[in-house]
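The structures considered in this document are given below.
Here chain A shows up in two complexes: once beside chain B, once beside chain C.
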Partner chain A sequence: MRISFVRRDHASRPAMLLAPVVAFACAIVASVILFTALGKAPGQALYSLLLEPFLTWYNFSEVLLKMAPLLLIAQGLAIGFRANVFNIGAEGQLIIGAIAASALPVWYPQGDSALMLPAMLVMGAGAGMAWAAIAAMFRTRFNANEILVTLMLSLIAAQVLNYLLLGPWKDPHGFNFPQSVMFPDAALLPILLPGTRVNISLLFALVASVLAYVLMRHRFAGFQLLVGGLAPRAARYAGFSEARAIWLSLLLGGLAAGLAGAAEVAGPLGQLQRSVSLGYGYSAIIVAYLGGLNPLGIVVSAFVMSVIYIGGDNAMVSADLPVAAVWVFQGLLLCFYLAGLTFIRHRVSFSRKALP
Partner chain B sequence: MAALLSLQAVSKRYGAVQANAGIDLVVDPGSIHAILGENGAGKSTLMKLIYGVESPDAGVMLWKGQPVNLASPAEARAHGIGMVFQHFSLFETLSVVQNIALIVPGKQADLARRIRALGAEFGLEVDPEAMVHALSVGERQRVEIIRCLLLNPELLILDEPTSVLPPQSVARLFETLRALQARGMAILFISHKLEEIKELCDTATILRGGRVSGRVDPRGHSAKDLATLMIGRAMPPPLPATAQDPGEAWLELAGLSYRNDDPFGVSLHDLSLQARSGEIVGIAGISGNGQQELAALISGEIAAQGAGLRMMGQGVGRLGVAARRRLGFAFVPEERLGRGAVPEMSLADNALLTAHRAGLVARGFIRRAPERAFTAAIITRYDVRTPGPEAEAAALSGGNLQKFIMGREMMLDPKLLLVSQPTWGVDIGAATEIRQRLIAMRNAGAAILVISEELEELFQICDRLHVLHKGHLSPSLPVAETNAEAVGAYMIGSAA
Partner chain C sequence: MNAVDFILAGMLAAATPMLLAALGEMVVERSGVLNLGLEGMMALGAALGFITTYSTGSHALGFVVAALGGAALSLLFALIVLGFVANQVAAGLAIGILGTGLSSLFGKNFESLTIDGLPKLALPGLSDLPVVGVLFVQDAVVWATAVLALAIWAVMTHSKLGLIIRAVGENPHAARAIGFGVLRVRCGAIAFGGALAGIAGAYASTVYTPLWADGMIAGRGWIALALVVFGTWMTGRVVFGAVLFGALSLGELTTQAAGVNIPSQLLACVPYVVTILMLAVISSNRRRMRLNTIASLGQPFER
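Right, the complex of A and B next:
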C-alpha cells in the first residue's frame, strides 16, 4: 500500500480557523508527556504556563507588555512571508533599532527635550529598515538568499551591541555591568495603563495591525505582493517588479522590528541592555505563521504567544521547569500547526499499488 | 473478432459534475477509433478511466473479454495500454532518456539509441540527453509519444497528438499509426480536427455533456455533420471576410537578436517583422524554435539586448512589462495557470492582475465594485462558464480559463495584442469564437501578432505569416499567396 499527499482543490475555511486550536491542544498533550518524563508535575506546570498569566492583573498586564513587540514584528514579517520574502533576521533589526534609539539618551543623559522620544522612535525604525535594506540590496543586486543574509546580520547586530555595552556606551557608574546609563524621563514611553508597565507601544502594534490589514486586503501594492508570493511568473507577466516586492517586504519588516527595539529600550528596560530582545525577533516568526499570516489572526497568536512567555517565567519559579521547556512548547506549537496546515491543504490518499 | 476493449455503462462523477454518464465504448483490435467532443464533454475523464488514473463509480470495463479493474497506469501499461497525455507527465529536472528509463526497462545508452531511431523514423526528433525543463511544450509531447511507442502497447491512446506537428510530420505520424494499425494495434485518437479524423479513423465515438451522442464511421460523414453531432447545434458561422489596408506599424522588430544563456534554450537571430494597425500577423512553427523567447522579448518579461524593438512608434527595448502595457500593449501567454492567471486567486483578482489600469484601482486602493463589474463583464461577454467572479482560476477548465484571459486582455482595448497559442486545448465552438473576436479586433484597428502551432488556424485568421525555425524568422508570407506545404517547408528548415 502506498500513502501519498494529494493537494486539495480548496482549503476548508473552518479547518483553517480550527488548526491553531488543534495545534494548541496537541502541544499541551505533548508537553504533559514531556514534563512527566522530566519528573515535573504536569498539572502544576500547565497551570503556571497557561492559567497564571490570567489570574492576577499584574500578570495579565505583563502579557500585554510582551504582546506589543511580538505583534508589531509579526505584522511586519507576515507581509514579506506572503510575498515569499523570508526575513528571518528581525532579531538583528530589533537590536539595531534599540541601539540607534539609545544613541540620544546615551549622549544626552540629562536631556529633557520633548523631541527626544519621537526622535528615538524614528531613529530606531530607520535603523531597523537600514539593517534590512542590506539584505534587500544583496538579494536584488547579487541574488543572495535573504534568509541567510538576514540571519547572519542578526549575529553581527548582537556583536555590535556587545561592543557598545562593553566599551564606549557602558555606564561609567554601572559597576562594570554591560549596560548603558538609565534613560531620562524624556526618553521613556508614556504608560498606557496606570499602575502597570504597559506603555503606548501596544497602540503602535495595534495600529500596525490595522495598517497591515488595509495593505493586504485593500491596497494594490499588497495585491502585487500576494501575486509575487503565489505565482512569481504571473507577477512578471503582469509587470509587477520583483525587486520592488523584495525592498518593500524587507523595509516594512525592518521598520516594525526597529520600532519594536526602540520601544523596548524606551519602555520596560529604560536603558540599553544585552538582553534587549529575549528572542522576540524569532518568536515573531512563529507568531506570524500561527496567525495564518493573516493580520487579524496574528493579533490572536501574538496574545497566545505572550501568555506562553509570561507563563513560562512563572513555571520556572513555581513548577521548577527549565527555561528551555518554554522554547520547546513554542516549537511544538509551530510543528503541530504546520502539520495541521499540511492536512488542510492536502488529503491523504491510500492506493493499492506500489507504483504510479 | 472479440473486442479488445469494451466499456459498459461507465460513469464517473467529480463533486457536482457528472463527467461521464453511462458510456458504452467498443474498441476492436486494429482499429483507429476517434473520440470526439468539446472541452468538458468528458473525453479526458473517459481516457483516465481506461488508463487507470481514475476508477469509475459505476460500469464495467472488459479487456480482451475479461473484466478488469485498473488501479493505476502501471497496471494499465502491464495490460498493454499506453497513453500520450495532452498535459505532460515528465520530470522537469531529469533528462529525456532518464524520464523514459523510469518507465521503459533497459540501459540508458540503449534507450538513447532507440529514442534517436524512433525520432528519425517518425519525425519526432528530440535530444535524449536534453533536460526536460528546457524543452518546449511541443518537444515534451514528442518525448511522451516516443515513451509510449517504446513499450509496444496493444492499445495506444493519443490525446490531441497532432496539435504540435507540422503538416509533413502529421502525414508521417499518420503513416506510422497506420503501420501500427496494420500490426493489429488499436488506437484511440482524441482530436478536434475533423478532417484528420475523417482521413485517419475508421470509427468515431462522439461525446457531448458526458454522454455518447453518436457513433459513426467518420469516412462516410462530412466534417459539418461531425461538428453538429459534437456541439449539438449547427457549426458557428464562418469567419468574416478579410482585409483592409493596414495602417501604422505598432510593432516593429528590426534585426532583433537574443542570446540565450540557457544551454538548452533557443537564441534568436536577426529577427525582423512588422505588425501594423488593422492586420493579423502569424508566427508559425513548431514550439521550441524560439516562440517562448520571442513572446517574452516582446512582452518585456526578458530584456532585449540592444535596440531593434519598437512599439507604438517608440523604442521600448529599455521599458519593462508595465511601461509597455501603458503604451497599449496586451498579451495572452501560452501558459494559463501560473502565468496568465494566479491559480489560487479568484477570477476578480485575476482580472485585477492586468486590468488594474481600467479604473479598478484609485489612489492605490482596489475598487471592489468596478473589479467585480469588470470581471462579470468578461464572464458574460466571453461566455466563460463559471459560478461567478469569486470562483478560483484553478477551478476553470483550460478552455474556459483561456476565454477569460483572452477576454481580460481584449477588454483593455489594446493597440497591439500578442497572443500565444490562442486556441490550445480549446473546443471547436470556443475556438471559432476566439478567432472571430481576434478578427473583429483587427477590423477595429488593432495590430495583432499570433504565435500558433496550428497552421490551419493561422491560415484562417492571418493576413501575413512568418515561420520561426531554430531562432530564425522566414520572410513575410502573405496568406493569400502561400500554402501549407510552402510554410511547412520553412517549419522544418528545408525551404530554399
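Right, the complex of A and C next:
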C-alpha cells in the first residue's frame, strides 16, 4: 500500500485550527520522551512548564510581561514573512534598538525630563529600522540574500553590545559586571497593572496587532506587499514593486524589534544588560509561524510562547532543566507545526498501486 | 613565528569546519533543497563529538557519532520538507533552533572541559618548502577534507550520480519523467549534508579548539551557507572562499597579538562584515546569479 498526500480543492478550515493544537500536543509528548531519556522527572517539568504560569497572579503577570516583546516583534516579522521577505535578524534589530534607547539614560543618568522616555522609544524604533534598512539596501541594491545578511547583522549587534558593556558604557560602580548604570525614573515605562512588572509596552504590542490586521485586511498597501513577495513578476506587471515590498517588510520588522528592545531596557530591566534579549528575536519567528502569519493567530501564539518562557524559568529550578530545554521545545513545536500545515492543503490518500 | 607564517600554518584548519559544512550544503542545494539548519546541525555534531571523544578517548568514534547525529537531525528536516512538503526556510530555522537547543542540553555537564586535539601530519617533501611549507603540516581531518573536496568535485562534475543530483535540482519534474526518484535523491543529499555538518561541528569542538563551550559554533554554520552562495555552487570556489575565511579569522588573532589597539569584540565582527560584503559583491551580478542559481532551490516538489 502506498500513502501519499493529495492536494485538496479548498484549504481545510478544521486542519487550519487543529494544526497548532496537535503540534503543541506532539511537542509535549516528544519533550517528555526526551527529558525522561535524560533522567529528568517529566511530570515535574510539565507541571512547571504548563501549569505553574497560571497558578499565581505574579506568574501570570510575568507571562504578560514576556508577551509584549514577542507579540510586537512577531507582528512585525509576519508582515515580511507573508511577503516572502525573511527577516530573521530581529534579534539584532532588538539589540540595536535597546542600545540606541539606552544612550540617553547612560549619558544623562540624572535626567528627569519628561521627554526622555518618548525620545528613547523613538531612538530605539529608529535604530532598529536603520539596522534592518542595511539588509534592505543590500537586498535591493546588491541582490544579497536578506536571510544571511540579517543574521550576520544580528551577530554583529551582539558583539557591539558586548563591546559597549565591557568598555565605554560599563557602570563604573557596577562591581565590574557587564551592565550599564541603572536608569533614572524618567527613563522607565509606566506600569500598566499595579503590583506587577507589566508596563505599557503590552499596549504597544496590542496596538501593533490591530495595525497589522488593518494593513493585511483593509489596505491596498498590504495587498501590494503580499503580491510583491509571493509573485514578483505578477507584481511587476501590475505596477507593484518588489523592492518596495522588501523595504516595507524590513523597515516595519526593524521598527517593531527596535521598539521592543527599547521597551525592554526601559521596562523590566531598567538598564542595558548583556541578556537584554533572551532570544526574543528568534522565538518571534516561531511565534509568527505558529500564529499562521495571521495577526489574530499571532496574539494567541505569542501568549502560548510566553507561557513556555515563564514555565521554562520555573522548570529550570524545579525540574533541574537547563534553559536550552525551552529552545528544544520551541524547535520541536515548529517542526510539528510545519508538518501539520500540510494537512490544510492536502489530504492523505491510501492507494494500492503507485500512481503512474 | 611571524604573522604570515601563523596565518599560512593555521588557515586550512580554521577553514575546515566551515568548508566541511559548506561542501555538504552545496550538494544539498544542488539537489534543489535549501537547508538553513546548518548552524544547529553543526552545534549538535560539536556537542555529540565532544562528549563521545571525552568519554571514550577516541576521536574517530567522536566523528562517527557526530556524523550520525547530524544526519539524524537532517533526516528530521527531510521528513518535514520532503514528506510533508513544508516551507524549507521555516523548517531549516526550526531545525537550527532545535539543534542548538539539543547541543546545549546535551553539553551542559561538559561545559569548559577540554581534551587533546589531533597530531599534525607533515606531507614529506612539500613540508620542507620555504615559506609555504607550513601549509603542508596539518592534522588528518584537514587532509581528509581536502581529499573529500576533490571527491565531491569529481562526483558532481564527472559522474552519473552528480548528473542525477544536478538534474533533480535543476528540473525535478523532468528528472522524474526519465525515471529518477526525486525525493530519494534529495533525501540522500540532505543526509549527506547533515553528516558533513555534524563532522564539521565535531572538528571544531574536538580538534580545532578541543573544548566544549555552549554557543561555540558562533555563526560558522551561517557563514558556511554564505560560502555556498559565494562559491556559486561550485566546489573549487567554495574551497577558495572557505580558505579565505580561515585566513581572515586568524588575521583577527594576529592583529590582537600584534598589540593593535582595537577591542576584540569589534575584531570578532570582521568575518560577519566580510560575509555581508562578499555576498553583495557576488550577488550583485544578477545575470550570473540567475545562470548559476539552482533552478528549483527551495521549492517543494509535488507530483
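Criterion: the second predicted complex is superposed on the first by the 339 of 356 C-alpha atoms of A that agree within 3 Å, B and C clash if a C-alpha of one lies under 4 Å from a C-alpha of the other, contacts with A are read in each partner's own complex, and residues count from 1 in each chain.
The rule is simple: contacts are C-beta pairs under 8 Å (C-beta built on N, C-alpha and C of every residue); 3 or more make two chains touch, one makes a residue touch a chain.
Please read these numbers as outputs of a predicted model, since none were measured by experiment.
Of the two partner chains placed by the overlay, only chain B lies in contact with A:Ala221; chain C stays clear of it. Legend: residue contacts after superposition of the two complexes on their common chain; A:Pro118 is shown touching neither chain B nor chain C.
In the superposition on chain A, contact of A:Ala234 is made with chain B only, not with chain C. Of the two partner chains placed around the shared chain by superposition, chain C is the only one that A:Tyr289 touches, whereas chain B remains out of contact. For chain A, the partner that touches more of its residues is C, with chain B and chain C as the two candidates. Residues 355 of chain A lie in contact with chain B in one complex and with chain C in the other.
Partner chain C is touched in their complex by these residues of chain A: 5, 7, 38, 86, 88, 138, 141-145, 147-149, 151-153, 155-156, 159-160, 162-163, 166-167, 282, 285-286, 289, 322-332, 334-335, 338-339, 341-342, 346, 355.
On chain A, the positions that touch chain B within their shared complex are 9-10, 218-221, 223, 226-227, 230-231, 233-234, 236-241, 351-353, 355-356. The touching residues of chain B, counted against chain A in their complex, run 71-75, 299-301, 320-325, 331, 333, 335, 338-345, 349, 352-354, 356, 361, 364-366, 392, 394-395. Of all residues in chain C, those touching chain A in their complex are 36, 40, 76, 79-80, 83-87, 89-91, 93-105, 108, 214, 218-219, 222, 225-226, 229, 263, 265-266, 268-269, 272-273, 275-276, 279-281, 283-284, 286, 289, 302-303.
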